[in-house]
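For clarity, chains are labelled A, B, C and D in written order, and residue numbers in each chain start from 1.
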Amino acid sequence: MPVPQHVFDPPFNIVRSSHVVLDVVDLNKSVEFYDNIIGLHVEDRDDTTAYLRGSEEHQHHSVVLRKAEQSAAARLGFKVGSEADLDKAGSWFAEHGVLYSFVDRPFQGRTLHVTDPFGFRLEFYATMDKRPHLLRRYERYKGCHPQRLDHFNVFAAETQDTIDFYARLGFRLTEYAEEDGDGGRIAAAWMHRKGNVHDFAITNGKGPRLHHFAYWVPGPLNIIHLCDVMASRGLALERGPGRHGISNAFFLYVRDPDGHRIELYCSDYQTMDHDHEPLRWSLRDPRRQTLWGAPAPRSWFEQGSPFPGQEVREPVFVADVVIAD
Amino acid sequence: MPVPQHVFDPPFNIVRSSHVVLDVVDLNKSVEFYDNIIGLHVEDRDDTTAYLRGSEEHQHHSVVLRKAEQSAAARLGFKVGSEADLDKAGSWFAEHGVLYSFVDRPFQGRTLHVTDPFGFRLEFYATMDKRPHLLRRYERYKGCHPQRLDHFNVFAAETQDTIDFYARLGFRLTEYAEEDGDGGRIAAAWMHRKGNVHDFAITNGKGPRLHHFAYWVPGPLNIIHLCDVMASRGLALERGPGRHGISNAFFLYVRDPDGHRIELYCSDYQTMDHDHEPLRWSLRDPRRQTLWGAPAPRSWFEQGSPFPGQEVREPVFVADVVIAD
Amino acid sequence: MPVPQHVFDPPFNIVRSSHVVLDVVDLNKSVEFYDNIIGLHVEDRDDTTAYLRGSEEHQHHSVVLRKAEQSAAARLGFKVGSEADLDKAGSWFAEHGVLYSFVDRPFQGRTLHVTDPFGFRLEFYATMDKRPHLLRRYERYKGCHPQRLDHFNVFAAETQDTIDFYARLGFRLTEYAEEDGDGGRIAAAWMHRKGNVHDFAITNGKGPRLHHFAYWVPGPLNIIHLCDVMASRGLALERGPGRHGISNAFFLYVRDPDGHRIELYCSDYQTMDHDHEPLRWSLRDPRRQTLWGAPAPRSWFEQGSPFPGQEVREPVFVADVVIAD
Amino acid sequence: MPVPQHVFDPPFNIVRSSHVVLDVVDLNKSVEFYDNIIGLHVEDRDDTTAYLRGSEEHQHHSVVLRKAEQSAAARLGFKVGSEADLDKAGSWFAEHGVLYSFVDRPFQGRTLHVTDPFGFRLEFYATMDKRPHLLRRYERYKGCHPQRLDHFNVFAAETQDTIDFYARLGFRLTEYAEEDGDGGRIAAAWMHRKGNVHDFAITNGKGPRLHHFAYWVPGPLNIIHLCDVMASRGLALERGPGRHGISNAFFLYVRDPDGHRIELYCSDYQTMDHDHEPLRWSLRDPRRQTLWGAPAPRSWFEQGSPFPGQEVREPVFVADVVIAD
């Protein structure tokens, strides 16, 4: 119900969502999926870890796949504005009772690890090894031609508190879904740092879990081609293609070999104006989830990737309508 | 089970499916739908009848909307090669116990009316008033930019007999769906005259009824735009967008204000080779209906437009799997 | 000036243009171009010959590349309706003073070779080895996703006579470009057998030479992707992308390593109606060549592939406007 | 030659390029062009002025058309972060010898007018009347579906000085074209505030003049449709469609009835990272202007819109290669 106000002067400067670290049980199979089906580019790999990126990304990686005993969403990575921001971040987390550590991650500069109060495992960095972008390497295009990682979407058990926490870090609300009436509770929030609809979306549900991470693609035909490619390989789509009311996105959701969910999407809008106002959706408005009317499958509402070592909790409240986008 | 052989020398020459005549209860509402939503072009209209066509069609109309008390599929129209073919057609139908009449239809030359032995009401003509095509009138493009009527798809109660009947008229099988095993029955057939996948498709079910008629559009993005336009107008989609295994079509199904179903589709293939072989699909292969896996709604399997004065019969057999594409 | 009437009952039945045989000086380089850049599929190859096809083609090949000392357009291939048509073709050519021979070509049935009176080297066949189409093998899509060979376009020194000759074989005029005024001469003709704008186009110029052969692709974005892929490989485009007035085609022209010209195109229209009337263009109407106004380069008007052993002659007349599409 | 360093803490906060004010001699004709051809939406108009916007813009207008005796680029509009930024801006300009005034503009809050030292007439504002965006009003889409104003591109007579001036205001260099060798001079610069390739581009040439302003569209097919629509209306395209090496943009340039140039474009990339490095192009690399190789017409290099009352000067230097993108 209380919509967070935008904090124009946050304690440290998060530039944008940057990369996801995934634990996968069969590294070869996962690399095959992200490389040859989705169309990301392998930048480095060894027996235990693979690093991939989209075609416009100068950064070394936006997906890290790590061989593991159990599938999990290991870390959500954010880029900050400078090394000083890392130190400010550490101090701020410490002041707020969150343990932090600085770690060495391959191809990244100094990296700050924290687990937020709700169980989301994060990493922050200011610099990463750079590579020339691949935009003019059209001969290497494949899959759905993913250009850049765009955002994360998580299930949170304590939705309002989680939204408030990230609002204090400067994440700005662009759209939200809410129960109707006095005391109607917020059931989902889309928040950004970089100037489009979101870097981080928070959805009420059993959490902490990663619902999905999303890559931006050039247009709907790239997504349709991915549908055809996956069908040709005998792989199922989970949801879509379709159009969200939320964010106006043309979307497709697919699952990787471990069940991690990836969204391919395009056609949202800009939000960098200082007086940009958040858009409210009633939880009872079905156009929020799908402008076209096709229902999402049960799996899409219920399944997500846990974070290692983080117990999944029931949500504080169950909304009067099932939500998620 | 018995797949009809192609008759290279049929009793008269049907060139292609040409137009559909629909009975509608609210003419204004129907014209608004086909003109401003779908994007056909109104060529003529008065208080009782409207004539529309696609952008590449030189013929005066490919949809005729007639104000009526009851919604119905009034006629399926086919173009024949010459006036002589009309006379040959009349003779042939008479020989086979089918009554025929020649009637005057506005904007059409001499027109032959028959109701086939299964209750499908047909009309044949050799010439129709011509109009310059609208391909280079891009400023008039709207909706999904429908270019041409492509085919009809009907529910037939006597599937095998209906297929055999149209095979004798020269319709050629391109794809079909069949029960597995010895004695497996054909449950759906796609048959053409003009050199692509179909002019006429026959599906097992309560019949005679029109399942849908289809317009060919330039590409998938035109269909996606129609989804968005319909959603913007508060109109529901029935099925799709998606990809059929059958015919490789990228498809969308929507219903007009009377519930008549229209398919918008593209990306099938050519079939004019004399040695083109029909493609068999097992009824148990789900890729037939949808390459991507999204199920069709119940309405799509069950509902269709009756023909005026034709009693709808239960099918001769119920296939061991529900079918239709 | 005299526009040929359509011959509905030609001496033998040509179904459509089918394949081109090209002499190339560096087979590996040519295969690389057609396979990895254009996106055709190699069906067979050895040290001297490679066979490729488009994704919807059931036929074994639509391009044959033959290692040779000199680049040339070796043969234009057409499919006929039956073995009997081959014999009728042989007889007809003999009656009209054209030598013929039956030859064995790999993967083809009995094949008739003739050189027409104007020097165009042709081959006719009724059957070719078949392969399953690749439409539902989207994981193999590459380049511009060419689906099928669509047509040939040649420079003819004796334009009117060449048009008349092919009209007698049943090729039907769909569009033509003509000088204005009484006695205005036809400078280019688009003629079909299969029911779209053309199988064979004849352009006034130094001939006999092949101007280009064309593949149909799913849509404009496939062509735009090919532009980007070729640029990424450092390869130049010759003309386009653009829109022809003629045939409404969205087009791109590129040259293979031997300079053979290939057109990638989409979005023409159907022409199988018996009363379809040819569309006349004044040679002075620039929209004929390009609806958008960008001029074609000099090479496009002047260069073409000679046929082996056929002397290239100056055209009988020079039109009052340079033509070609 | 000296590449400006990014000023992270500029004297006032410019959020992005926002709108252009154009003087036009025939208001009806201009509105017709931007509304029915390009596809912008008229938000308000009277006898002397019309206000239009793109489909995703919440702001009241991004193009203002004013009836005038002479065609001109009246003002380039930028949005700042707050009212306080307007005051800071006034002070800063005054300190640097630039006169300023606050004016009332319809539908805008307090508006600051300045003419920069090079003759570019600017206006800054913090708030503008808001309207609901039109993204989910697909039934209103027309033309090329322009979504938002993206950037301005100007001819500057004093290129290096102009670049340095805007760098001090916080515009950040993303790409630039430079003569080769020691002392090679910068001939064009692309600079941003909002996080993509540019808000403001500066090109060496007779200045001050506006080269073009650009709208972002959803994808290449929208641009191709505009080509077809303009051709259908008998309107010429100036340049494109094509692909710039610079910014990776798929582009089209057209001229409005007064000759003002508008670019329709898509497919650039994000640049908000604090360590994003500018990309250098040699002036001798033709891929900068066009990845595909088609030359730009002379008009595109030479013509631009003057600013009222600002004398157009010859450039300080003439680059050793003609430039502009």
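What we mean here is this: a residue touches a chain if its C-beta (ideal position, glycine included) is under 8 Å from a C-beta of that chain, and two chains touch if they have at least 3 such contacts.
Here is each chain with its UniProt name: A, B, C, D = 3,4-dihydroxyphenylacetate 2,3-dioxygenase.
What you are looking at is a predicted structure, and each value in this text was computed from that prediction instead of being measured.
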Contact-pair overlap exceeding half with B-D, pair selected from A-B, A-C or C-D: A-C
Chain pair with the higher count of C-beta pairs in contact (A-C, A-D): A-D
Between subunit B and subunit A, distance of the C-alpha-averaged centres to the nearest whole Å: 45
Subunit A and subunit D, separation of their C-alpha mean positions in angstrom: 33
For subunit A paired with subunit C, centre-to-centre distance based on mean C-alpha positions, whole Å: 50
Shared interface positions of subunit B, touching two or more other chains: 136, 219-221, 228, 231, 287, 291
Residues of subunit B touching subunit C in the complex: 15-16, 56, 58-59, 79, 81-82, 126-127, 130, 133, 135-136, 147-148, 194-195, 218-220, 245, 248, 267, 269-270, 272-277, 287, 291
Contact footprint of subunit D on subunit B as seen in their complex: 36, 136-141, 219, 221, 225, 228-229, 231-233
Contact footprint of subunit A on subunit B as seen in their complex: 220-221, 224, 227-228, 230-231, 236-237, 241, 243, 250, 287, 291-294
